[in-house]
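Chain IDs A, B and C follow the sequence of writing; residue 1 opens each chain.
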Amino acid sequence: MTRRDILLGALFLWMAAVIWAAFLWAPAAAGFLGQSSRIVFFHVPTAWVATLSFLVSFIASVQYLRTRDPRWDVRAHASASLGIVFTILATVTGSIFARIMWGSYWNWDPRETSITFLLLIYAAYFALRGAVPDPERKAALAAVYAILAFVTVPFLVFVVPRIYWSLHPDTIINTKGRITMDSRMFRVFMASLAGFTGLAAWLYDLECRIEALRRKAEEEIL
Amino acid sequence: MWRFLGETMAVFAKDMRCEFRTRVAFNSLALFAVTTLAAVSYTIGPYGIAEADRPYLLGALLWIVVFFAAMAGLDRSFVKEEETHTAPLLRLAARPLVVWGGKLLFNTVTLALLMAILVPLYVVLMGLSVRTPGWFILVLAAGCLALAVTTTIVAAIVARAMSRGALFAVLSVPLLLPLLVFLIQGTRAAIEGRVPDVLAALRAVVSLGGVMTVASAFLFPVVWHD
Amino acid sequence: MRRGVTIRFEGIGKRFGRRVVMRGIAGQARPGSILVLTGPNGSGKSTLLQILAGLIRPTRGEVRYLDGDGEVPREEWRHRIGMAAPALALYEELTAMENLEFCARVRGLEVDGDRLRNGLVAVGLDPDRPTVVGGFSTGMQQRLKLAQAVLHDPDVLLLDEPGANLDPDGQDWLAEFVRGMAEEGRTVVVATNDRDEMTWGTDRVALPG
């Protein structure tokens, strides 16, 4: 067994425990309809991973333009692919919650707006990659676009929700810096955050290796 | 510095001269603007919106018309250089920043010309009354600059890819979305005469535009040479 | 005194998507000499010439410009290179004079009307012709491209199929013109398949098909 296998086994057990705890061990939060609050254990971590991937892909893009090392482009591409999957997951889980709590799947709540925005960025990023055949140019243009998108995100995420009124529950660490969760819930929530981050790291690693192999296969004809 | 400005003006003057001889960008921008304006004015007109909603909806509609017109023509400056294969010569002869500056100037002037014609028409056709016209014009001017900066760098990217027309809108929308939100808020506040809100929106537009300008200036050479 | 530029290129490979255009191309072009790049259609002559000009980034390998002071930095290349190629088009909406004037301005040169006019006369064009370049014959466009290439007195002259579309007199004039450029200490690289033009070469790189 390699170190990777051991880590993978641990991740599997950890996620199994998180899923069990999310449904059976943690209590349902007061002030939410029925069991609906349990979605927080999955919705927030996916949104967190979506944001994290966006950050990683920004850093990898900057590094690519600085070093011109194709491995950074592989990383930027891998984390963007991961980002788009988790963005869709966060959108779907959020939409289900919105349906139960607020009665409709979509309200253009500021946070829903921000995540749509993230989805648009990712879609544009992949549309751009698809439209450039030359590999070096593709990597460079995609990196430039990722950086441009990244610098506009703070405006949407931080400024727009402050201007509009929001239905969205307070973020976990809210503006007052206070934690508004039952202690059991909080423990499961943190464990789930850690678990999803581990899951994302594993998927990211896989995606990087696959992409590197794919490119190596293409390189061999040169 | 003066040399830099002189070379930038050379690119700008060349683009203007070519544009006045063919008018591809001007015509498509103007046609798009006039068509959308006619559609909006015909379907909504001055009385189609309840009094309370007017400032907000009219502000939003105005920017939507401007945005669509921008999408129709502001990619020409770069795409034309690639399509007619004049870009390599420009790449060999000019400094990258000079090209960026010239194209930015060209896009700004094109958009400003368009808005100078479009906005008065819009105000008349939609029966729009603005409480603080000075601030209204300032918001429009800041919006014109910020839109030009963003579309210029996106046009530069798109020109280096395939299926440029569709890609221009796809890549522009996410980058322009926050900007349009701020501009619509600022325009509404200017129509309603709420100066502090105009200032808040202007600050957001200027900082977003500023960040975009700095990022573009750094990234343009990469886009241009790869 | 002209500071001659030596162009060195090693291990050049280029891939467009899955299509490999060339691999492992190496060579050198020296001041005062004419390097001829030959090879069948599709062997990548034009691509190699554009790689040498820094217009296309090679997938593999490296191009270096060396003069008396060592390596010429990339930002300086634009002052040293003059190039005429089918891939480098002129502005069809502008007249010959306007095209040259734009090139001069954008390079930050003093715009001297007489010098521009002389440049056009030297390649056999009429500076006062009011026609825009879009209405020029391909041969006239080729002459204008050559005028553009030498406008800023470059140390390196890169020519892709320079004689194509020229009449026999024009081709004789061209041979004279290119040899003169090399004799004045310039580094000339010509990509061609024309048998006459191949004889100009003092060095040669043959690209495999």
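The rule is simple: contacts are C-beta pairs under 8 Å (C-beta built on N, C-alpha and C of every residue); 3 or more make two chains touch, one makes a residue touch a chain.
Remember, it's a predicted structure, so these values are computed and weren't measured experimentally.
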| item | value |
| --- | --- |
| Per-chain Cα centre nearest the global Cα centre, belonging to chain | B |
| Centroid comparison with chain C (C-alpha atoms), farthest chain | A |
| Interchain centroid distance [CA atoms averaged], chain A/chain C, Å | 50 |
| Rounded Å distance, chain A centre to chain B centre (Cα mean) | 32 |
| Averaged-CA centre spacing for the pair chain C and chain B, given as whole angstrom | 37 |
| Where chain B touches two or more other chains, by residue | 226 |
| Shared interface positions of chain C, touching two or more other chains | 57 |
| Chain A residues counted as touching two or more neighbouring chains | 133, 136-137 |
| In the complex, chain B residues that touch chain A | 153, 157, 160-163, 167, 170-171, 173-175, 177-179, 181-182, 185, 204, 207-208, 211-212, 215-216, 219, 222-223, 226 |
| Chain C residues within the chain B interface of the complex | 50, 53-55, 57, 75, 78, 81, 83, 85, 87-94, 98, 102-103, 105-108, 132, 148 |
| Chain B partner contacts - residues on chain A that touch it in the complex | 65, 117, 120-121, 123-124, 127-128, 131-133, 136-137, 140-141, 143-145, 147-149, 151-152, 155-156, 159-160, 163 |
| Chain C residues touching chain A - in the complex, by the definition given at the top | 13, 15-18, 20, 23, 57, 59-60 |
| Chain C partner contacts - residues on chain A that touch it in the complex | 133-137, 218, 221-222 |
